[in-house]
Amino acid sequence: MNPLSASSPNFSPLNPEPTGNNFSIADQAATQQARDQNVGQRPGTLNIRPGALKPRLFMLSYHDDFIEEKEYTDHYPEMIRHLREHPELKHWIDVRGYGDLPTIEHLMRDFGIHPLQMEDVLNDYQRAKVDTFDDNRLFLVSRMIDFLPSTLEVDDDQLSLFTGPNYVLSFQDDYDDCLEVLRQRLRTNFSQLRRKPSLYLAYALTDVVLDHYFPTMAAIGDYIEWLEERIVAPRRDPRLLNRILRLKKDMVRFRRLVYPERDKIAELLRLPEDIISPDMKLFLNDGYDHAVQALDLAEGYRESISSLTELYYAEQSNRMNEVMKVLTIISSIFIPLSFVVGLYGMNFQREAPDGSINPANMPELYSPYGYQGVLLFLALVVGGQVYYFWRKGWLGNG
Amino acid sequence: MNPLSASSPNFSPLNPEPTGNNFSIADQAATQQARDQNVGQRPGTLNIRPGALKPRLFMLSYHDDFIEEKEYTDHYPEMIRHLREHPELKHWIDVRGYGDLPTIEHLMRDFGIHPLQMEDVLNDYQRAKVDTFDDNRLFLVSRMIDFLPSTLEVDDDQLSLFTGPNYVLSFQDDYDDCLEVLRQRLRTNFSQLRRKPSLYLAYALTDVVLDHYFPTMAAIGDYIEWLEERIVAPRRDPRLLNRILRLKKDMVRFRRLVYPERDKIAELLRLPEDIISPDMKLFLNDGYDHAVQALDLAEGYRESISSLTELYYAEQSNRMNEVMKVLTIISSIFIPLSFVVGLYGMNFQREAPDGSINPANMPELYSPYGYQGVLLFLALVVGGQVYYFWRKGWLGNG
Amino acid sequence: MNPLSASSPNFSPLNPEPTGNNFSIADQAATQQARDQNVGQRPGTLNIRPGALKPRLFMLSYHDDFIEEKEYTDHYPEMIRHLREHPELKHWIDVRGYGDLPTIEHLMRDFGIHPLQMEDVLNDYQRAKVDTFDDNRLFLVSRMIDFLPSTLEVDDDQLSLFTGPNYVLSFQDDYDDCLEVLRQRLRTNFSQLRRKPSLYLAYALTDVVLDHYFPTMAAIGDYIEWLEERIVAPRRDPRLLNRILRLKKDMVRFRRLVYPERDKIAELLRLPEDIISPDMKLFLNDGYDHAVQALDLAEGYRESISSLTELYYAEQSNRMNEVMKVLTIISSIFIPLSFVVGLYGMNFQREAPDGSINPANMPELYSPYGYQGVLLFLALVVGGQVYYFWRKGWLGNG
Amino acid sequence: MNPLSASSPNFSPLNPEPTGNNFSIADQAATQQARDQNVGQRPGTLNIRPGALKPRLFMLSYHDDFIEEKEYTDHYPEMIRHLREHPELKHWIDVRGYGDLPTIEHLMRDFGIHPLQMEDVLNDYQRAKVDTFDDNRLFLVSRMIDFLPSTLEVDDDQLSLFTGPNYVLSFQDDYDDCLEVLRQRLRTNFSQLRRKPSLYLAYALTDVVLDHYFPTMAAIGDYIEWLEERIVAPRRDPRLLNRILRLKKDMVRFRRLVYPERDKIAELLRLPEDIISPDMKLFLNDGYDHAVQALDLAEGYRESISSLTELYYAEQSNRMNEVMKVLTIISSIFIPLSFVVGLYGMNFQREAPDGSINPANMPELYSPYGYQGVLLFLALVVGGQVYYFWRKGWLGNG
Amino acid sequence: MNPLSASSPNFSPLNPEPTGNNFSIADQAATQQARDQNVGQRPGTLNIRPGALKPRLFMLSYHDDFIEEKEYTDHYPEMIRHLREHPELKHWIDVRGYGDLPTIEHLMRDFGIHPLQMEDVLNDYQRAKVDTFDDNRLFLVSRMIDFLPSTLEVDDDQLSLFTGPNYVLSFQDDYDDCLEVLRQRLRTNFSQLRRKPSLYLAYALTDVVLDHYFPTMAAIGDYIEWLEERIVAPRRDPRLLNRILRLKKDMVRFRRLVYPERDKIAELLRLPEDIISPDMKLFLNDGYDHAVQALDLAEGYRESISSLTELYYAEQSNRMNEVMKVLTIISSIFIPLSFVVGLYGMNFQREAPDGSINPANMPELYSPYGYQGVLLFLALVVGGQVYYFWRKGWLGNG
């Protein structure tokens, strides 16, 4: 029962009805709603987010020339037993979905996880980080970033890893992930990965997440090019600027997610040698370079998106210019013509009421070929104006 | 008597009449007015802000399995007696409102508060900070931030805490606060909080303030979405840009308020172990992460609000474009038509004054179906133009 | 004789005639002109700025229960004698105006001031700073900042302080200052200030300058609000944008002046304890917080002024929009009407020259109620258009 | 077999068809595509980029007064043999093109290159860096930057260097390079370079790359000037803004490429003296200054390109202004004229149907010289307006 | 023979013809062209820039009460002899112009200058810096900055100083300089400068360069004010924005040149006491303050120039607004009038062809005073509109 839940604004005098599908604020807000319910609770209290998936448990046990994969979703005790009975194997326990508090609590008890750390796992908005324990165990948080083709938005999920003497325990809130490539590598008979200690697996998982940033960014790059084409397309999508601004924000968010990833690796590199071997340091150095390159690319993309905005406004201004040119050309040509024909529509009378003749009053009207003369004059005016506009470059495109 | 009070400008040659309810400068200025009266005074002189509420005194005394709440508003000596008589209990003395100098001075004397610190308490614009005393006591300032649905503005209040061996003394300038959730937690029989030393209560109060930032930001997020909808609504609120710019400033202010909060926790973390126990450090680390996340979110919101401004201008430009298109289409169609009908309104005479016939003068006027011919021609012109504008994408939306 | 004085540009091909009262560059340039004459001179050469006021000398001598104020403007030797004869008193020698080189040189000699430091005093553009001497004396420069209601500009003056064993020597270039409040405090019988060593007076002077920033900023805040109202006022001041941009620059300047003030206090705090006592450190800490708050407020104001610029442009665009709407509405209504009436102004003849009747030629003209029919049609067209524009929200405000 | 290759978005609902030749995203994306195929692979796995050139092997062996150049493209073993048989010579092994895995693997084995480093060589997007080995060998990556006149884009290639006791092994992915000048220097009989140890050659190669930045930037400078002229040219290239924005991005990229180059040299300078001799340090200091100057120039160019954008928009706005002026002048002159001639086209009858005379009805029509009077009046109106517009400065240019 | 000289782009498909006198890129590019020819050369190879002036040699020898000035342009050996024969004097050898390689090489040999340092002297784009030698000699580079009234551009020249036991050797590439003031000071009989060691002269030269920044900035300040007036002038210079943007770039360049100057002094201040005496440190501190003030002023000017750009655009928008208002007022007044007069130009016939009378057809035409009535109505319409526009504030200025 949280008395603060009433503090969400409803803008009653203004009728808000937030739609929530713009600017991708919605999912962040959802996370916050979940957090709302935590205000004032003891830090470390576990809250399962409403709508969280039922946890599925997978275990992948391997040794130099042995590998076994099994799902233990409803057989938790069996999994723990298997883990205890085979200390000679290395295990990857893969938990997907958080939607069951008892399972989470069993895992906390059996793997010695601190409530604050489990809160970080369940909380869906946690920056990448590394925590070290007294007994040389590590708690690693990575952010898996995807560009979803369906919503054309950047989506990120959390991968939380706990390392142990001969296991890695991973948490994700989704059933699908980008780690399948690593499973394939483990399944390969001669994989080096199988021969290394289990801590190496934790690093390999982090590295896969990092490498996945590059196809994500390639997708964003394609999307930027597609947007650029749309800007100059004759029929413009009215939501185009929205798309561009949303992508801009996504890019800012991408960088905000990747920066801690880089810092996490830098922190891993500073760990003492009894945790991180020199051999692993070499590979971490490589991972650090990749993170820096991802940030470099992201910086370049941010510039590209700024250019998109500038192009958008320039194009909008171009179109206004074109509208004005059409108006100006048509008006400039026909308004003078209308004056001339109006002139000869005047009713000045050659013959005054007293019968006298005023030959000065519009003699053109009575001259033969007066009409043709006027038509010729009008044609000359039109021709002159068309020439003037053509010379100014107003006719034709651009 | 402050001779500087005359230094407030009155723009007499310009007739200012500042309204003071825009851009939320007003309340900051009010603080400054209060400060005006301090110029030249001895630092540490206490000034009760005019309009400050009469102080209400609450005391919440608790032990592992005991809790007692009482209001001592007009019974200050009784409260002090109770505090002295029960050194075995932990006490939370909660002072709400500063509007009575004698009460404030009694508190200063009885709890050994330095005048400069009390000045910080009474002064309503103080950044979050932590001060340590020689005797391991702490002085903590937090800023409670709310998004008021009534004014659609960010509002912040100060929570000042003094810790003692078995008490926490808190000051707020308002009767309402966001700390009720913590009181509920204390009232719970098995609350861990009751068993910990009173210093832990001070940290829990700080943490509640920190956690409250998230529902505040969720409210701002909803407001941003509502604003975004208003931008593209057909009838635009003329004060819309004002609202956006005000929110932008509020967001800047939010960050300026939260940054010192983060730094305060960082400073607490650097305190020696005899003040902050390792156990508490773990929780403070968690609080630090929360502050960083709040800043991250605020950064994202700032980007969203920038996008709002861009959308606003783009929409304004779109509307201008639409106005121009209507003008251009109507003018381009009818101005040439007017020319044609004007042409046949000319008074060229078939019959010259001398009776001779000038058959070249406007023979169309005399041809049967001349009128119909002209109407047909006009229809063709209109059709051609409509086709041209349709092909250019000027007809229809966007 | 300075050969460089000819280096001031005269833009002869362009006829500059700089007016010098815009953007407050003028007074900075004046300072530079003065500096021009220094180029190549030995550093530390004293130059009295042309137009500097004749120095007035005031001395305020005090002790725990004694105070004496006297002007020694034309009695310099008497002042020095009084100073030497009363080592038991604390003295504040207040020099206002620099316009007399011999007086300045006497002061330098009698108070042991280095030429470079006196150059800093006379030079009107010196950032706030603190210099320490070997013998624990301090040289403090503060900037007094005011918002002048007459010119609506930020004005700053320099307050230079030299501390000595039992005196403070202050320099200002103006007769008026913001220090009167401190004099009042000294005149009060039970002032703590009188009992403290004279160094404390130097700090109190610095603090008064610092506190004066807040009423200055309150005045700027009022001015910002007044400007905001002017932006949406129906008749716009053509110099409005100038005012806003000038204020923006003033705000940038304000921050540039206050930052060194903050750094100066930070430097004072780092001084060894034999110069700054722990007691004074507490108060300096308070002053540091005030400087940070002033910078915080200035940052907020800068944001407000940016918003003013945005509002200005949005309002300008709004007005353009309104102009265009009036044009579009009037043109769109009347241009088609003109076409219709032009149509019936055509001279197609029912009767051909050969006497035959062409009943197809404009039969409307001959029908009874044809005129009324056309008028009705025109009214319908107008009604339709008005409805269309009303539905688009173009009629009415905004 | 990479299951992620399907993750590249295809925007199916939107029909993207990315063209890929804008904003130079294409080549970066190509690199990423290559990297896509690496996701999940063991770090250090070598991937030859599709389309990489077949490696050509050159060796340049030299001594104080001896030089020999030979291509060993299809004679790899012979090259190694020559290298081993002549330890008294210094060798520069120059590998151009990466398109043959066996060759690469032979080089790795024979020169003791770590797979991760070879991955850096083959990966085409690697920031400039320096790695040191335990045995004082260096791995240097430089970026050769060119401004291609054909595409008017900045192009960069990687130069990777491995130093050994008496050789330098360089890798490039292209057959052409900017190192020919250095070869010329080596061929000169009295070249100092020949007498220095081979490590000096590695530095000289780095320096040539650095020096090549300056002609690249001179080319960009010329291009900026050419763009500036195009902005004000009467017929504007519709892709002009695109070009400017692309160049802006190229400039940002240039800086992002040169910054690590500068940092690399700074890192070389920090190497211990047994690797970098004091003599070489002097030259590296010089190289550091050059890198800083290149960055300074790039900063200036960035400002120039920003100015281009501003000029572009101002010019666009100017043109709009001109269009509007033409419309306004023509309309303002002829619309009133049309009114006047329309006035005298009214059919008010002097003679009422009942035969009575209404002399008040348009007597002008019957006055002699009425027509001339009207023409004169119209001429005066036109003259007055032309004078008004001329005084306003609307006639003529600008 | 430099094969890279062909790498300058010629944009052949686009016909560039760079003019080179915009944005002051030209002279920087010239420097780069010179550098182009260095690519691949041994670092430290001397290249005389084509067009460099023939060196003129001046020597100013002085002692406490002695001074001698002489030009040794074609008598180099004599100068060296004089230098060697008078170790008791202090000498300032002033080399102006670099256009003769043998002279340069003689100087290098006789004064022990390293080729890399001489390269820095001859290279015209070198940031201010200080290098120390093993034997306590200094190499100082300063940048002399001028605002040229002829081109209205910032121009900078390099002053390179080598200090020796009893001499200062200075290099400039121009015959004119801003050092004459210092020569005057030396010529004064009682100059302190004469009595100090020659190192002091080097500092004094640096200080003169620094002091010269202030008149340069005063000139820029005047130019800014002149530009501001031009913005609101009725006839606007079409190159005005170009000028503003060029000045903005010059200001950026100014800061980029002065920052290293400040850092150079800071570095001098960090030199050990056996090079820089405490006495000189005091003066260097003063110089440091001056450099900081120059940067402060430059920052303020940058803000002023930004304001200029904003004013420019606002003014451009104002003018557009005015154009639109004229169009709108004229059109709105006359288009309805034209409709009314067109109305009465319709040819509806009172008398039908069958002779019947249709009294409903335009009876106004036959009423007496119908014409006057219409004229009155038109006058009322005009009056109403003028009143409407006047109330809207569209008539009159602003």
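Read from first to last, the chains carry the letters A, B, C, D and E; within each, the first residue is number 1.
One rule holds for everything that comes next: a residue touches a chain if its C-beta (ideal position, glycine included) is under 8 Å from a C-beta of that chain, and two chains touch if they have at least 3 such contacts.
Just so it is clear, the structure is predicted and the values come from calculations on it, not from any experiment.
A.B. asks: How many links in the shortest chain of touching chains run from chain A to chain D?
C.D. replies: Minimum step count, chain A to chain D: 1.
A.B. asks: Go ahead and align chain A to its copy chain C using Cα positions, then give the rotation in degrees, nearest 5.
C.D. replies: For the C-alpha superposition of chain A onto chain C, the angle is 145 degrees.
A.B. asks: With touch defined as above, tell me whether chain B and chain C contact each other through largely the same residue numbers, more than half shared, or through different ones.
C.D. replies: different
A.B. asks: Using the average of all C-alpha atoms in each chain as its centre, how far is it in Å between chain B and chain E?
C.D. replies: Chain centroid spacing, chain B to chain E, equals 42 Å.
A.B. asks: Measuring from the mean C-alpha position of chain C to the mean C-alpha position of chain E, what distance in angstrom results?
C.D. replies: 26
A.B. asks: Where in chain B do residues touch two or more of the other chains?
C.D. replies: Within chain B, the residues that touch at least two other chains are 317, 320, 324, 327, 331, 335, 338, 342, 345-347, 362.
A.B. asks: A student should be able to answer this: under the defined touch rule, what is the ring order from chain A, with chain B coming next?
C.D. replies: A, B, C, E, D
A.B. asks: What does chain D use to touch chain E in their complex?
C.D. replies: Going by the criterion above, the answer is residues 146-147, 149, 152, 178-182, 184-185, 191-193, 207-208, 211-212, 214-219, 221-226, 228-229, 282-283, 285-287, 289, 292-293, 296-297, 299-301, 303-304, 307, 310-311, 314, 317-318, 320-321, 324-325, 327-328, 331-332, 335-336, 338-339, 342-343, 345-349, 352-353, 356, 358, 360-362, 392-394, 397-398.
A.B. asks: Quick one: in the complex, what on chain E touches chain D?
C.D. replies: Residue positions touching the partner: 1-4, 7-12, 14, 16-20, 22-23, 25-26, 28-29, 32-33, 35-36, 38-44, 114, 116, 119-120, 125-127, 129, 234-238, 241-242, 245-246, 248-249, 252-253, 256, 309, 312-313, 316-317, 319-320, 323-324, 326-327, 330-331, 334-335, 337-338, 341-342, 344-347, 350, 357, 362, 364-372, 374.
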